[in-house]
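First, the structure itself, so that you have it in front of you.
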Amino acid sequence: MPGSGLVLGRARRERLQVGESETVGPYTLLRLERGSLDPGIPGQFFMLEAPGRVLPRPMSLCQAPPGELAFLIEPVGPGTRALCALEERDAIHVLGPLGNGFDLDVERPLLVAGGIGIAPMPYLSDALGSPPAILGFRSERHAEAAVLLTDAEVVVEPRLVTELLPEDPGDVLACGPEPMLEAIRALVPRTQLAWEAPMACGYGACYGCVVEVDGHYERLCIAGPVLREAA
Amino acid sequence: MTVPILNASGCLDALVAPEVARSLDAFVTKTVTPLPREGNPPPRIAETEHGMLNSIGLQNPGVDGFLEHHLPKLASLEVPIWVSVGGFSAGDFAQVCSALDSCDDVATVELNLSCPNVEEAPETSAELVAAARGATSKVLYAKLSPATSDVAESARAVADAGADGLSLVNTIRGLQLDADTLRPQIANGPGGYSGPALRPIALACVYACAAAVDLPIVGMGGVTCGRDALDLVSAGASAVALGTLLFSDPEAPARVRAELEAEVRRRGQGFAAGLRGAAHGSTMSRPASAE
Amino acid sequence: MTVPILNASGCLDALVAPEVARSLDAFVTKTVTPLPREGNPPPRIAETEHGMLNSIGLQNPGVDGFLEHHLPKLASLEVPIWVSVGGFSAGDFAQVCSALDSCDDVATVELNLSCPNVEEAPETSAELVAAARGATSKVLYAKLSPATSDVAESARAVADAGADGLSLVNTIRGLQLDADTLRPQIANGPGGYSGPALRPIALACVYACAAAVDLPIVGMGGVTCGRDALDLVSAGASAVALGTLLFSDPEAPARVRAELEAEVRRRGQGFAAGLRGAAHGSTMSRPASAE
Amino acid sequence: MPGSGLVLGRARRERLQVGESETVGPYTLLRLERGSLDPGIPGQFFMLEAPGRVLPRPMSLCQAPPGELAFLIEPVGPGTRALCALEERDAIHVLGPLGNGFDLDVERPLLVAGGIGIAPMPYLSDALGSPPAILGFRSERHAEAAVLLTDAEVVVEPRLVTELLPEDPGDVLACGPEPMLEAIRALVPRTQLAWEAPMACGYGACYGCVVEVDGHYERLCIAGPVLREAA
C-alpha cells in the first residue's frame, strides 16, 4: 500500500499531517501527527519529505508528545527551508525511526549539544530523567532554544561547551558540529557522539553517507548516527 | 503484459532492506569488482534542483567477498538476483564473470560499462562484452551510458559482441558547487547525475536502442511514477528499474507497479498487447519479452 | 572582472528583438549553413518537467542569404556579432567560414559541431575545426556536445586543431511522449534537451574543459540567474550565454548581469580577481579573458 | 530593470497581480491588473508565466476592462492548470501584446469560434460593435462560455459551426481547432483565421512555432497568429 507499508524492520513510512509549528529562536519546531510510526530511541532519526525537493532530509526526533512527533529544524538550505515553511494540515511522507540511537544504559550521563545539535536532546533528556546538560550556541538568539531543556548550562560563542566540561564528565552523550564532537572525543574517555553526513536514503541503500570508522568507510545511517567510543 | 520492476544497481542494499528487495521482480546488486573497493571519499552525494549527483566510486566487497558473504544471504530472499559487474579492463570483467558463472543463484549478469565516477577501461564496450561473453554463459545485460553521440551504435556493437539485453541508462556526469565556497559539493568534484532531470535523456536512449537492436531492455532514469514507466515501455523497454526514487520512497516498487497497471487498464485491453514500443508506431521490430 | 553575457545560438533573433540583442555583450546568430534550410516539420518543441526539447533542424537562409539580407541589418545594431556556422561535412564548414572571412562585421565564428537534430558530419570535431581554421582567420569558437564520455578529450582535440575558444554546451538528445497517444511530442521524435535540467551537466563540462585546455570558454546550459552564471565562471567560463531562459524572459541579460555583479560584490573585492576557475582551487591554469 | 522594461516594440514585460478569477463553464477567466501593458489589438496574445513551468504560455486577450487584462483559459495540461490555480494577489510575469491581431477594417464581420477559440471573441466583438457570432462547443457545459458574447448563435457537437454559416458570410473572423479553421477556409472566400502552435517564446526567438505558409515555414508568433486569406 503506498504510504502505509511496513518496511525496514521497525521503521514505517507514512504520510503525516502537520500540526501547529512553533518558532524557537531561529529554529522551527515542526509538529507532525504520529500516525502509526514508532518514536524510536533518542538519537534515532526520520527521513522527512521536503516538498519540492528530490530527496528527503534526515531529522532527529526532538520530542515525542502523545500522538505526535516533533522535529527541531534549522533552515540552512532549500530542504530545511521547505520543511520550516510547512503549514498546518499540510502532509509529508515520513520514514522512520532509522539508525542507531543512544545507548541509555549509562551510569552518569552528561548531555552536550552545540547549535542545532540540541535537536535530539529533549527526547533524550526525558528518557534519562533530566540529567545535567551543557549547551553551546553561536548567538543569544540561537540560545533561545535552551528552553527546550530544563536546567541546562548555556554558553554562547566565543565560549565553547568544552570549557564547561567537568574534570570527570562521566558518560558524555553529545550532538553538534564536527569540530565540537572531535574536541569532546579528544577530552572525554567514554562518549556517545551523534554525527552528521549528507544522506540520500537514510536506510543503507545509497552508500552516500559514509564516514571513516576504523579505517573503513561505513554507512553512517545504519552504523550510526550515534557512534560509541570507549578509550 | 506484465512489466518487471527492478531496482537500479547501486540504489538498494537488499540485505539491509529485504522487504524492499522482495517487492521487486528481480534484485540488482551494487556493482561488484574483482578486488574489494573502499570507494571515493565523502561527501559523495549532493542534491541538485531536479536530480542528484553521486560519486560512490563502486564501494564493494570484491567478487570473493561478495560470493562468500553476500550471495548466500541474497539467495535466501527468493528474488531473482542480477549481479552488476564492473572493472577497469577486459580482464577484470572476464574474471568476475567467470567467478559468477557457476553460481546457480545468479540469474543475470549486468555489465556496468559506464560508471562516470571511476577510470574507464581502455577497451571499448564491445570488447568488454566480448570478454565477459567468453567467461560466462549467464544471461548478459550491457549497461550503457547516455553520454555518447550515438547510443544506438553502442547498442549494435554490444549486441554483436554477445549481449543478451541492454540496461539503459547509467548516470551522466554532472557538477554542483557549494553556495559559499564555490568548490564542488562532492569531494571528487563531478558525480553521476540521476533522477527526474535525466528522464527525457533516458527515454531518448531507450527509443533509439529499441529501434536499433532486437534485445530486451531494462529502462531506467528518473522514473517517479507509473506514467514514467509507461513511457519507457512505450519507447521500447521490456522492464523498468527504479534508482533515485528508492531513496525517497522505499515503497515505490509496489506503487509504480500499481500505477503502471492502472495506466494500461485505463487505455483498454487492445492497448496492452501493443504496449511495448508503442511510441514507435509500426516502425519498430518487437523483440520478445525480457524474462 | 566583467563577465560578458551572450545569447545562446538559436535562442534569439536580433532582427525581431533588437532591444534584447542590444542588451547583450555580443549577439550570436542562429546556425548558418551553406544552403538555405527549411528546418524540421512542426511540432518542433515540447516542454518537459525541468527543461524543454527542440528539433528546429537549423532553419536558416543559407550563407548567401545571411550575408545579403541579415548581416547588414545585424551590423546596424552595433553589438559585436558572432556567427554560428554549421554543416554536414568539413567542406561545408570551410565554405561558410571562407564566405565570412572578409566580413568586418563578423567578430567571431562559432562552429556548431554538435547539433543533435540533424545528421552529423562524417569527420571528427577536430577535422571540422581544422577545415574551418584553414578557411578563415576569424576568432574561432568550437561548440561541443555534452554527449561524450570525455569532453576534455574533445576540447584538447579542437584546441590542437586551431580553435581559439570553446562554447559549452549544446543540447543533449531527449524524448517526450504525448500523454494520450504515447507518440513523441515532436514530429521528428527526439529533440535537443535544454534548460534547468541541463545545468549540472553543462557545469561539469566547463569544469573538465577548463582544466584541460587554456582557452576562453563561453559557458551555457540552464542558466536562470546570477548564481548560475557565477557557477559557470567559477568552473572556468570566461563568458556566459543564455538560451532557454530568453524564451521566458527577454529581459534576462540585464537581470542576470546585475545578479552576477551582486553575487560577486557580496563576496568582496579579493574574490572578484580570482573568480574565474575558483571551483578548481589552485589546480587550474588561468587562461586570459575571453574577449 | 527586471520586470518593467520596454521590449519588442509595443510589447512590455511586467509582473502583474492576479485579481478575482471566475469560472465560466469548464474555463477560468483569469483577471490580471493591467499595469502599464497595452491591451493591443483583438487577436493579439500575451505570454503568461505558468508558475512552476519552464516556459510561459500564449494566451489571447479575452476582455480589456479598465485597468485589467482578462484571459479565458482551458485547463488542458500542466501550464494551463497552473494558470487556472492562481489565486488573488498572486503575481505572474506577462509579456505582450504580441503577434498580429485581426484587421478590424472589414465590412460585414462574422465571428466564428470553436471551444476555447472563443477566448479572443469578447474583445474582438467589443471592437467591432457586437457583430453576429457563431459559437460551437463540444458539450452543454462548455457552451456556458457563450455568456461572454451577446446574441451569439450556439451549436453543440455533433452539430458544427459550419452548418450555421450563411450563404454569403461576408468577412469571417475565426478562432478554434484546426479542423474547424480548415473547414471554414474551404467554404469561405475572405477569412481571418487565428491559428495555434506550441510556442516557447512568442516573440520570434525560438523558431518553434512554425506553420507552413506558401510552402515555407513561417513563425506563427510573428507572422500570425491571425492569418488573412482572400481567395
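Chains: A, B, C and D, in written order; residue numbering restarts at 1 for each.
Definition applied: a contact is a pair of C-beta atoms (placed from the backbone, for glycine too) under 8 Å apart; a residue touches a chain by one contact, two chains touch by 3 or more.
From a predicted model like this one, the values you see are computed outputs, not experimental measurements.
Touching subunit B and subunit C together: no chain.
Taking the mean Cα position of each chain as its centre, D sits at the greatest distance from subunit A. Between subunit A and subunit D, the centres computed from C-alpha atoms are 55 Å apart. Once the centre of each chain is set as its mean CA position, subunit B and subunit D turn out to be 46 Å apart. A straight line joining the Cα centres of subunit A and subunit B is 34 Å long. Those residues of subunit C in touch with two or more other chains are numbered 48, 50-51, 196.
For subunit D, the set of residues that touch two or more other chains is empty. If you draw each protein chain as a dot and join the dots that touch, you get a simple line with two loose ends. Applying the touch definition to all chain combinations yields A-B, B-C, C-D. Considering their complex, residues 10-13, 16-17, 19-20, 30, 38-39, 42-48, 50-52, 54, 56, 59, 195-196, 244, 246-251, 254-255, 258 of subunit C touch subunit D.
In the complex of the two chains, the subunit D residues touching subunit C come out as 1-3, 5-8, 13, 47, 49, 53-56, 79, 93, 95, 197-201, 203-211, 216-217, 222. Those residues of subunit C whose C-beta lies close enough to touch subunit B in the complex are 48-51, 53, 120, 145-150, 172-177, 179, 182-184, 189-190, 193, 196-201, 203-205, 207-208, 227, 230-231, 234-235, 278-279, 281.
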